[in-house]
Amino acid sequence: MLANHRFPKLPYALVALGALCLLAGSYLGLFVAPPEHYMGNVQRIMYVHVPTAWNDMLALTFAFFCAVMFLFKSDFKWDARMEAAIEVGILLAFLLCCQGAIWAKPTWGVWWDWDPRLTTTAVLLFAFAGILALRRFVDDPVKRGVWSAVATVIAYVDVPIVYYSVRWWNSLHQVQSSPSTVSSQFYLPLRLNAFGVLFLMTGFIMLRARIASRRLASELAPPPQELEGELV
Amino acid sequence: MEQESLAIDASHLARRYGRRWALADVSFQLRRGAVMMIAGRNGSGKTTLLRILSTAIRPDVGRAAVLGHDLIREKEEIRRETALLAHYSYLYESLSAFENLDIVSRFCGGPPPAAALDRVGLADRADDPVATFSAGMRKRLSFARVLLQKPTVAFLDEPFGQLDPEGFALVQQVVAELKHGGATVIIATHQVDRVAGFADVHLMLEQGRMVSP
Amino acid sequence: MITALRKEFLLQWRTRAQAVAVFVFGATALLLFSFAIGPNSAALRQHAAGFLWLGLLLSSTLTLSESFLAEMENRAFEGLLLLPVSPRALYYGKAVANAIQLIVLGIALVPVMVVLYDAGTTEIPMLLLVIALGAAGISAPGTLYSAMTSQARAKQTLLPLLLFPLIVPVLLASVKATSLAILGDPMGQATSWILLLVAFNGIYWSLCGLLFDRVVED
């Protein structure tokens, strides 16, 4: 059955492990790793920004995968997982936008600089927030699942198109710093944080999917054997 | 009963709206060419049952075959051979009676709608927009819509509602014609005495469940 | 498909007063945008393309939701689904009809833009192509989402909420290409924007057609 009332050991372990990794990685990133040559201490936000970005992509890709699986299999466990992945993905996208703004202000002097990645993230944030809103306004569980899966597929396919259109639109932009241009001293905190966010995210998605499954289980319960007060 | 001679083979059909089960555990078989009456009070699940069998809505539980076609997987085959007279008129308000029926006959690849309009007594109002029609005239027009589909199984939901005495006679004639042509007719109604006379099979629903009549 | 298209045109023709009202709404929006900038012809001309497409985009939600209003009135759409016709044909009929209505609306808004913003152009075929591709790009996902939201609660809010983030690429490409047609295109950049519009249309006209029957079947 969908609902499992056993204490969820694995997701809580993942959350704890993720928090530990994040603590260690952020400590290394903030206090141990040397400041970056050109950008100085501002660059240290990359130790959370880049892991958040990777994992957000991962969360939304998982949501897309769940949507496709739900459309083919009509199994509601995929609906529950999709809802969880979208919510966590939105949270990460929101964090990304905030971190991006914090990074842009000292670097370029503006909060928002229409960088293609950041702008695509903002578009994604609104697109998936719209899908969550859609879920709130549809009562029938089957329609809710199918419609939000359809909308998820459509929104996910849009990601590369948005990215390239924003990049062409704002083509006068400097080259992005990517992990390959970062020297080896910066790897350890970056990797620790990447796994930290990954574990945390996986734990959250699993816990959120459990809540969604429980609600679905009550919505999809089979009819009672005899209706109350029935006279035959 | 032989599988080929069955118009409907339903087992354990159930459907819920929100937390309430409108239909629960309905199973029956109906042979081809029979006229069936589904009786029951308002809210007993008659409409839900007809809407499930005509593929307008899915059953949440259970399965059924209509003319040997599976209700979920072979919707298109079922839709080709069935017609539903629903509570909703399925008419476009801004189009004329003729235009509404013309859409149906084009999609079904059937004859032009003139004869069907004549049959339900609306030939002289053919070019008026449906928005100017009374409730009874809309019902007649919906009836013409069903006739145009040339159904092998016809689902009629409260066919007598909003009709005048002439209309009652018309419905009875049409049902007789359909039956004569070998079609299966399923009528949901709370006006039991009007249908009981010519129905071959009776089914009683109460709070979404089958009860013995 | 042809029958579905015929039915859509018939419906649109009967409710043409609605289309005129949408045009007036779009033109009013264009007028309001100029108040946001102030009486500065150079700046207005600079932003003319953006205003045209925002006006068209805002009007499109009216057109799209209106196209399913008649279908929901007596549940006429359910009546169509119960006929021997594939939902896909119904979708393409409706999406093409909506695209054509938006193209006509877009073309009708161009003179308003020219007069208000002094944004004339001699690149008429180019402008028509951009309007056709942009309108089609709005219509393909818009018709699908409109089918969903017309059955949900809070339909007026949901349609733009779902549609607007999705068509950011259409908006960007259409505005850029229109701008290049008005202000001149020395670098020949318009082609790549047109190609982006073609790609978007190709993807969404096929994807939405595939997904439509899942959306309308109960």
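The chains carry the letters A, B and C, assigned in the order they are written, with residues numbered from 1 in each.
The working rule: a residue touches a chain if its C-beta (ideal position, glycine included) is under 8 Å from a C-beta of that chain, and two chains touch if they have at least 3 such contacts.
What you see is a predicted model, and the numbers here were worked out from it, not measured in a lab.
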Quiz item: Closest chain to the protein CA centroid?
Solution: C
Quiz prompt | Chain located farthest away, centre of subunit B as origin (C-alpha) | solution = A
Exercise. Between subunit A and subunit B, tell me the centre distance in angstrom, where each centre is the average of that chain's C-alpha atoms.
Key: 48
Exercise. With chain centres taken as the means of their Cα atoms, state the distance from subunit B to subunit C in Å.
Key: 38
Quiz item: When the centre of a chain is set as the mean of its C-alpha atoms, what distance in Å lies between subunit A and subunit C?
Solution: 31
Self-check item: Residue list for subunit C, restricted to those that touch at least two other chains
Solution: 218
Practice problem: Among the residues of subunit A, pick out those that touch two or more other chains and give their numbers. | Solution: 142
Exercise. Pull out every residue in subunit B that's touching 2 or more other chains.
Key: 58
Quiz item: Taking the complex as given, what residues does subunit B use to touch subunit A?
Solution: 14, 16, 18-19, 21, 24-25, 58, 60-61, 206-209, 211-212
Exercise. Enumerate the contact residues on subunit A facing subunit B in the complex.
Key: 139, 142, 219-220, 222-224, 227, 230, 232
Self-check item: subunit C-touching residues of subunit B, taken from the complex the two chains share
Solution: 54-58, 75-76, 79-80, 82-84, 86, 88-95, 99, 103-104, 106-109, 129, 145, 149
Quiz item: In their complex, what parts of subunit A are in touch with subunit C?
Solution: 71, 123-124, 126-127, 129-131, 133-134, 137-138, 142-143, 146-147, 150-151, 153-155, 157-158, 161-162, 164-166, 168-169
Quiz item: Inside the complex, what are the residues of subunit C that reach subunit B?
Solution: 3, 6-7, 10-11, 14-15, 70, 73-76, 78-86, 217-218
